[in-house]
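By letter and in written order, the chains are A, B, C and D; residue numbering begins at 1 in each of them.
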Amino acid sequence: MNLGVRLSGIELRNPFLLASGVLGETGESMLRVWNAGAGGVVTKSIGLSPREGYPNPVIVVLPHGLLNAMGLPGPGIEEFAEEVRTAVEGGAVVIGSVFGAGPDEFARLARRMEEYGVSAVELNLSCPHARGYGMEVGIDPEMVREIVEAVKSAVGIPVWAKLTPNVADIRPIVEAASGADAIVLMNTLRAMAIDIRARRPVLSNVFGGYSGPAVKPVGVRLVYEAYEVTDKPIIGVGGVTTGEDVAEYLMAGASAVQVGSAVYYRGVEVFRLLAIELSHIMEEEGFSTVQEMVGLAHG
Amino acid sequence: MHRCVRIEDVRREARDVVSILFRDPCIALPGQFYMVWLPGHEEVPMSVSFTGMLKGITVRAVGPTTRALHSLEADDRLWIRGPYGRCYSIRGSRPLVVAGGTGIASLAPLVEEHPGDVLTLLGARTSEDLFFVERLRASSEVWVSTDDGSEGHAGPVTDLLERAVEEHEPDIVYTCGPEAMMVKVYAFASERDIAVEASLERYMKCGIGICDSCSVSGYRVCRDGPVFSDELTEIYEFGRFRRDPSGRRVPI
Amino acid sequence: MNLGVRLSGIELRNPFLLASGVLGETGESMLRVWNAGAGGVVTKSIGLSPREGYPNPVIVVLPHGLLNAMGLPGPGIEEFAEEVRTAVEGGAVVIGSVFGAGPDEFARLARRMEEYGVSAVELNLSCPHARGYGMEVGIDPEMVREIVEAVKSAVGIPVWAKLTPNVADIRPIVEAASGADAIVLMNTLRAMAIDIRARRPVLSNVFGGYSGPAVKPVGVRLVYEAYEVTDKPIIGVGGVTTGEDVAEYLMAGASAVQVGSAVYYRGVEVFRLLAIELSHIMEEEGFSTVQEMVGLAHG
Amino acid sequence: MHRCVRIEDVRREARDVVSILFRDPCIALPGQFYMVWLPGHEEVPMSVSFTGMLKGITVRAVGPTTRALHSLEADDRLWIRGPYGRCYSIRGSRPLVVAGGTGIASLAPLVEEHPGDVLTLLGARTSEDLFFVERLRASSEVWVSTDDGSEGHAGPVTDLLERAVEEHEPDIVYTCGPEAMMVKVYAFASERDIAVEASLERYMKCGIGICDSCSVSGYRVCRDGPVFSDELTEIYEFGRFRRDPSGRRVPI
């Protein structure tokens, strides 16, 4: 079964990409995921300078998903050159994820990623920013539009905008981001866990992002809503664990998916398993290309 | 979520080492580790050093978190998740165990559980830093070395390798301890075509194989390891560098 | 163990209330839940006129929670008199939930509920409204403030404001609702499910509300955030299934909880089970009143 | 989520009744029901009428959804969830089964599975509406009645009760069919101190006991029922009223 897709001008051998922040901090891990069968790998979101991230605990394994507050650790964009190059030279399709405080920072980071040889750049629009209450940059349509425009005019490679689900209405944000070459939905849901015996939040940062099987119905909804207001390809993220989940996201309107927490649930082998499972579904349901399934649920 | 366990016993093992014992119904195998959390402090990885009905960890006080763990007493509570990671495999009939410092924490239950004829080489800085010697003697022959010669051979534990291989003729070598020591053990055994299992340490955050902070040459110490064997040839970073919490390389 | 709590001036024998929309449409069901040990029962949200709700399917049993789009069915406030009276006369502590298009409708509905003898009225601020994109009334702080004020001046009984989680930042909404006597958090998360073999959304309404164990980490986070900006008591809702969940919500800042989907997971007996489980935790952890646990995780 | 099953067989049972058979690995007991969905149509409750390796439902065309189900053929697909609800209990040694119209759909597998000596009273409007007669005869004695006398006794099936009780001396009565009929059966049996199990129908939305749309006097037909026994004395609404989809009362 041919699982290839064309996404914002990039040919992918299959529609399962590694989601940002999961095994995307070292070049050799990215290569390993690529060799395990991913259609592409998105790097950990990288900022200008090195960051240690929050102190442990930074992850909570919840009954139905994962909660994390890593605090965007990373070596900073300069030192990250080596990691990207290792992955790119190893043959992987690499998408460079970046986060910044505003349009200029995003543009600078994207340019560096382009120099390192990534196939596309993904803008993590879910990091905290100063304006308005310390919420995420991605909840402010104007900020989203400015960042996307700044990066679009700074680089020649495709630009993907990754949005946060923590908004009342995703549609104006998707519209604001539609200058990008693809929309990535979604980042994690803001959530928390309290240990009742410790009588305190588990994460050192108190709040974290919720991912994994529990959040899939929210991700599918966002992709479905986005599909109705944009012509740009959409990449579905959130709880993708099996081939059925992939098919659901495709029918909601995604052209590809990203896989994060499932690396915990099913191991790095998840990419190979997804290919088997999706092929099987396509055979049974009479699809010969992935593209045929995209948006089918919109009737 | 963590499991909250009640501490049954705290044993002082050496100058700055204690064992903390608690009841945990989960199966724990030698080589695996817990992520251990004392609320208000950092969560840190600790090898399983007792695998029986009472599970346990053995902690050297080296910084704020391990010092906080040292203040615990019987009846206090401790938060754990895991055990995680790949255990030592039980193989060979004449295993040689080479431990440096706190490395014996992860190897001690292996020595106890291994059905073969075990020789343990145990290195420490001084006799005050030695621990588990009696425990190990109950199930293996033990040769001790200290850097200052206060007990056993004076010098690094690797000095004992030559004689150990000659006299014991091991068919498998297990090692855990300072990485420079393990590199030597690995080189020594490899030259003689003896298989090696070495337990690595890297900075751990998630403990479950997703954050990449502990990765070495594409292998996750928390999930593909901490015990590695044939992979060691591919792990370029072994003995050369580790990464700090931001992911930057730091020489070892 | 004494599990009693005092909430917005009402004495409750325990802090586990039946959440709105679950077995709250008929008087005898409410009575049954009361007799099964609930501390109080919130009625189905009732509007001015009878509504059939959406056609089936209106519910999807997902792996980690429930998805529903009932479409607010109900007999309308006039016919509902009999149901409330049955429950009140049977001895139940009844909270009347209402939904309307704006302040006037909410006030009219609340007044009727007061006449029927409810102990408090709960405002369901999560129903769709016309202003601004067809989203929920509860995402607009001004609308929330107006509705709460209108109802407060219309009735003498306590007024509870039930908020939606589908907002970027709950804090301004909580502040806007703080004229109420209690804040109820949360309603369901907007979500959807697609059947890949049917190639269409399962719910006849396409979108629905996600509840059950999967959503608890989001509910706990909202209660925690709300607790930092209001002095009013908070009632935690979302995924409460066990006594541990109750304790977690209490420590996040809730003074009581509501239980919906767990009636599916554990049956009507869930209220009795929660009492046993919470008592057990309190004994083990050395609490003698529920109140002592409220907000403990804030340090 | 629904399970999507492939239809193995569709059997025309009577003028406007078909049985739809499919393979479903879940256990289904007589008296339980599926929520059945044909995408593009409403999801509706349907009793399990075949409980063997091949499961089945038996559908009378009464409106748009049931007519759509009638258009299905072997190899088409059907979406189901469940089976839900409480089944008939298997008790007594001389059961009397009283079915009216489509009510026999839920009772037929009970007749087959009940180890006692079963007498089945089967009522229908005309001989053209009768179905499952041969099937029932394979495991019970069957007395038929039709309203127009086109087969068996001419008149309501309840006319047969008197004789059935005299000759068969039942120790348990199972009934499913029009509610007015079930009320009569219940009254008749109760007067004679014979236990009754009756399967009720109410408008169902969730099917899993949370939406309250099917509730009768605090009992949920979808979860506490559809089969009720002793509770019938408490169910004031039995034979008196039902609720429409908005929850308003409608007389029966």
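Everything below uses one rule, namely that contacts are C-beta pairs under 8 Å (C-beta built on N, C-alpha and C of every residue); 3 or more make two chains touch, one makes a residue touch a chain.
All of these numbers come straight from a predicted model, not from anything done at the bench.
Looking at chain B and chain C, the chains in contact with each of them are A. If you average the CA atoms of chain A and of chain C, the two centres end up 33 Å from each other. Rounded to whole angstrom units, the spacing between the C-alpha centres of chain A and chain D is 51.
Taking each chain's centre as the average of its CA atoms, chain C and chain D sit 36 Å apart. Chain B and chain D, compared by their mean Cα positions, are separated by 66 Å. Among the residues of chain A, those in touch with two or more other chains are 62-63, 193, 197, 199-200.
Touching of two or more other chains is recorded for no residue of chain D. Viewed as a network of touching protein chains, the structure reduces to a simple linear path. Contact between chains, per the stated criterion, is found for A-B, A-C, C-D. Those residues of chain C that touch chain A in the shared complex are 62-65, 67, 133, 135-136, 139, 166-169, 171, 189-194, 196-197, 199-201, 206-207, 210, 213-215, 217-218, 220-221, 224, 244, 247-248, 251-252, 281, 285, 296-297, 299.
Taken together, the chain A residues at the contact with chain B in this complex read 21-26, 28-29, 31-32, 44, 50-53, 55-63, 66, 68, 70, 73-76, 79, 193, 195, 197-200, 202, 204, 260-261, 263-264, 267.
Across the complex, chain A is touched by residues 1-2, 4, 35, 37, 39-40, 42-44, 77, 79, 81, 204-213, 215, 217-220, 243-248 of chain B.
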